[in-house]
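The two complexes that follow have chain A in common; it is paired with chain B in the first and with chain C in the second.
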Partner chain A sequence: MTAVRPEAVAEDFLARRSFIELSARQRAAALLDAGTFRELLGPFDRMKSPWLLEQGVVPQSDDGVVIARGRIAARDAVVAAIEGAFQGGSVGEVSSAKIAGALELALEDCLRGRPVLAVLVLESGGVRLQEANLGLAGIAEIHAAIVALRPHVPVVGVIAGMVGCFGGMSLAAALCSQLIVTRQARLAMNGPEVIEQDAGIAEMDASDRAAVWQLIGGEQRYATGLADALVEDDVDAMREAVRRALAMPAAARSTEVERFQSRLALIDPAHPPEPRALRLAWSRSTA
Partner chain B sequence: MEKLTFVYPARTVLASRAHVGVVASGDLEVLLEPADGRESRVTVTTSVDGFGVAWKSVLDRFFARFTAATEVEINDFGATPGLVMLRLEQAVEALQP
Partner chain C sequence: MSASASNGRVWLEALTGVSAGARRAPATVVSIDAALGEERARYIAVVPDAGNRFVRARDGEVGVEEGWALARAVRDVMEADHDDSRRPIVAIVDVSSQAYGRSEELLGIHLACAAAADAYAAARLAGHPVLALLVGKAMSGAFLAHGYQANRILALDSTDVSIHAMGRQAAARVTRRSVEELEQLGERIPPMSYQVRSFAQLGLLHRLIAGVDAASPTPADLERVRGELIESVSDIRQSPRDLSLRWSNAAALHARAASIAVRQRLAEQWNAS
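After this line comes the complex of A and B, so read on.
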């Protein structure tokens, strides 16, 4: 075993540029080739939620979603990045329409013989409760748009953290051709707070961060084959991972119904496995 | 939630616009755009009620130095006065030359 100098570990850590700490706009720009970032429906277009003000909630000028066209590895691309700091990255009528619209335009371009790669930077608590059914309908449109686009080009999902990806947007993540996560990411249908409130603290203690990440954290999701790449929280590592994912053949995990059914058959819901046991049962090598 | 508007006299013109910040907890976004005429108009939407005097002090100080005619939109989610001033100065810095 070779000894690792602690100084080397510290130097490596300090040399990193955090992807998690970037805003949605900075994340989109970081993923696109330098100088190619061009925002569609930016803050000055003021496509913001018409529903938040009426409910006494301060809106944001881009409704928390950044749509950017540009190039990735010199190929045309569109990035849709959700701003997790605004309303927990919740997706409402306008923000969902921006994402679905961007994917639908990419599909039109693909059908005209001009492929546009798609990257979704998902940081979302799910549907925006203040916009209820309109947000849910919009999320369904995002799902449909991903499924329609992915036979033509890979649709790559990124979950960096620290919000994570929940609710209807976790389904969007699962529909992506490729999904990239960090250790800090979380991916689940219901968030830990929701489960604690619904099923009691015996079922889940949302304040127990170690337990939460063991269950739904990026590392666990990668180890059990529910994500395709696990990367460090580093801009260069993320750029590299996205480029690699976009070069993969355009297949999608969610089309492998039989494989996932046989995986589910290994689990007895009456005696759910511990996170470590699940890693063995659903390990990447057997998957 | 509260909506506030402020008007300040202007002497110069602005050639570009800038957007900075996020409507995150304890933060705000600022949209700064050129305006016609000889005055600047500031529209503040803030999640915290009753701080009109604090907003006026921060903006008075900012417009004591900033002389261009602008349309400023602020969407605030409980930022401190210090952060508001920093974001305004950041917006001026972000104006494309």
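After this line comes the complex of A and C, so read on.
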């Protein structure tokens, strides 16, 4: 791992426009106000997974999560960004503790009257299976931390792609005060491959990419009210969307029990709607 | 509508003394208010229902409707109780997995499960003592939705109880191992195990209750478990409402050394020097 100077990160991201193509570290730097990026528990702290090596997987010195403090629109902020390129963004003991720990510290500051905004850049296949129960426990702690922090400051989730956001981390996305997606993003609890294997190819053909995106893609999630903003794959657009989301009143949809229960009551599972039809039924303008 | 046998249903009925006929749809999420020591508690279980209109949630899985119904069962209690008398909530956990299906994803099962986790976490933060009692499977996303947000997790020391991030077959496929290899790995690497005793080694369990029949408890078994629940409630009422106990106990010191170190060093670096 070579040295990462914040300036170098900034120079690099300014040279390109795609947000998706950025690494987790570059994404965190791109979302923070220029020159304010400060990484916590960076690669030199060598906080690696203690579980991977004995299972034949080479660990990474940041365990695939970047925690960065800085400012967003001149306000104190912390960004937790998952690196989709390391083990599919899977979340293990160290990576989950980094995310949960950062949110817990933000809460402590909020309780002391020093609000810290939180942004989660989610790019994750879910629990890292080599760390199984500690990954799952860590994800539960991330959920707990989001719910505890959310009344104090908005917790904004970003799913850019191309990994998408699955498993326990899809619940984390759903717990956010505001959720931003791109067209390239996918958001689902069970990945298409897992459904195909469990329920058969008639239920889900994971190789049909167009069908997969129609079902769980960012545009569909936005059109059915399961995400709050749909943005282009562009650094400036993403920066802008995050700043807008952080200014929104915090009202997580995971608390809207009645609205979603009445929506589900109208669904006939024997004749489930096609994704297009659901867009009409659950359009953003209807209740 | 068949009332399939499940440890979840058995323990719900045993602890409440009430037959677990559902009061409102879906029939898979049953919540009953009954005594726990000197006070009332809300007991909630997810149970199988061969007639469930969502076919992929008929065997005790948490599907879209189950997630939202769990959230409703918890939030009803939060709304009904006042701050000085927040009743305990007991999640009786026997959940085989989240429901795997196309409709489930289309309709946002991730959000439904998040809604359940959200409700349990909010109840805990509001001051309801929230307990999870593991009497059967506590698998993956279903456990995240139903049980993992509890102040304290208790489990029966039984081979019926298993905890994991993914079912054996699927985990074997994804990690390209045989089920046997996976089991052997679990013996060596505690977080990889499906067994409740290994789970206890991780410091995530408040109590491991031995010598109790998980499938058909005797009256004495029931009294033991009830006693543990009551003791946990009073312990919770004297403790912080967060989950910090899970990484600050004797077992966690060893098994979750990394979880502790990460938090410690993050705190040291939190403010710029």
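Methods note: the second predicted complex is superposed on the first by the 270 of 287 C-alpha atoms of A that agree within 3 Å, B and C clash if a C-alpha of one lies under 4 Å from a C-alpha of the other, contacts with A are read in each partner's own complex, and residues count from 1 in each chain.
Keep this in mind: a contact is a pair of C-beta atoms (placed from the backbone, for glycine too) under 8 Å apart; a residue touches a chain by one contact, two chains touch by 3 or more.
Note that the structure is a prediction, hence the values are computed from the model and not measured.
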Which superposed partner A:T36 touches (first chain B, second chain C, both, neither): neither
Chain B versus chain C as contact partner of A:G167, first or second or both or neither: second
Touching partner for A:F86 - first (chain B), second (chain C), both, neither: first
First, second, both or neither for A:E54, with chain B first and chain C second: second
Which of chain B and chain C A:E131 touches, first, second, both or neither: second
Which of chain B and chain C A:Q26 touches, first, second, both or neither: neither
Chain B versus chain C as contact partner of A:F44, first or second or both or neither: first
Chain B versus chain C, judged by how many residues of chain A each one touches: C
Contacting residues of chain A [partner chain B, same complex]: 23, 42-44, 53, 56-61, 64, 83, 85-87
Residue numbers on chain C that touch chain A, as the complex places them: 53-56, 64-65, 68-69, 71-72, 75, 98, 100-115, 117-119, 121-122, 125, 140-141, 143-145, 148-149, 163-166, 170-171, 173-175, 185, 188-193, 198-199, 202, 204, 242-243, 246-247, 255-259, 261-263, 265-267, 269-270, 272
Chain C contact footprint on chain A (complex, rising order): 38, 40-41, 45, 47, 49-51, 54-55, 67, 69, 93-94, 97-98, 101-102, 104-105, 126-127, 129-141, 143-144, 147-148, 167-168, 170-175, 187-190, 194-195, 197-199, 203-204, 215-216, 224, 226, 252-257, 260-261, 264, 267-270, 272-273, 275, 278
Residue ranges of chain B in contact with chain A within the complex: 1, 17, 19, 22-25, 27, 29, 31, 33, 45-47, 73, 75-77
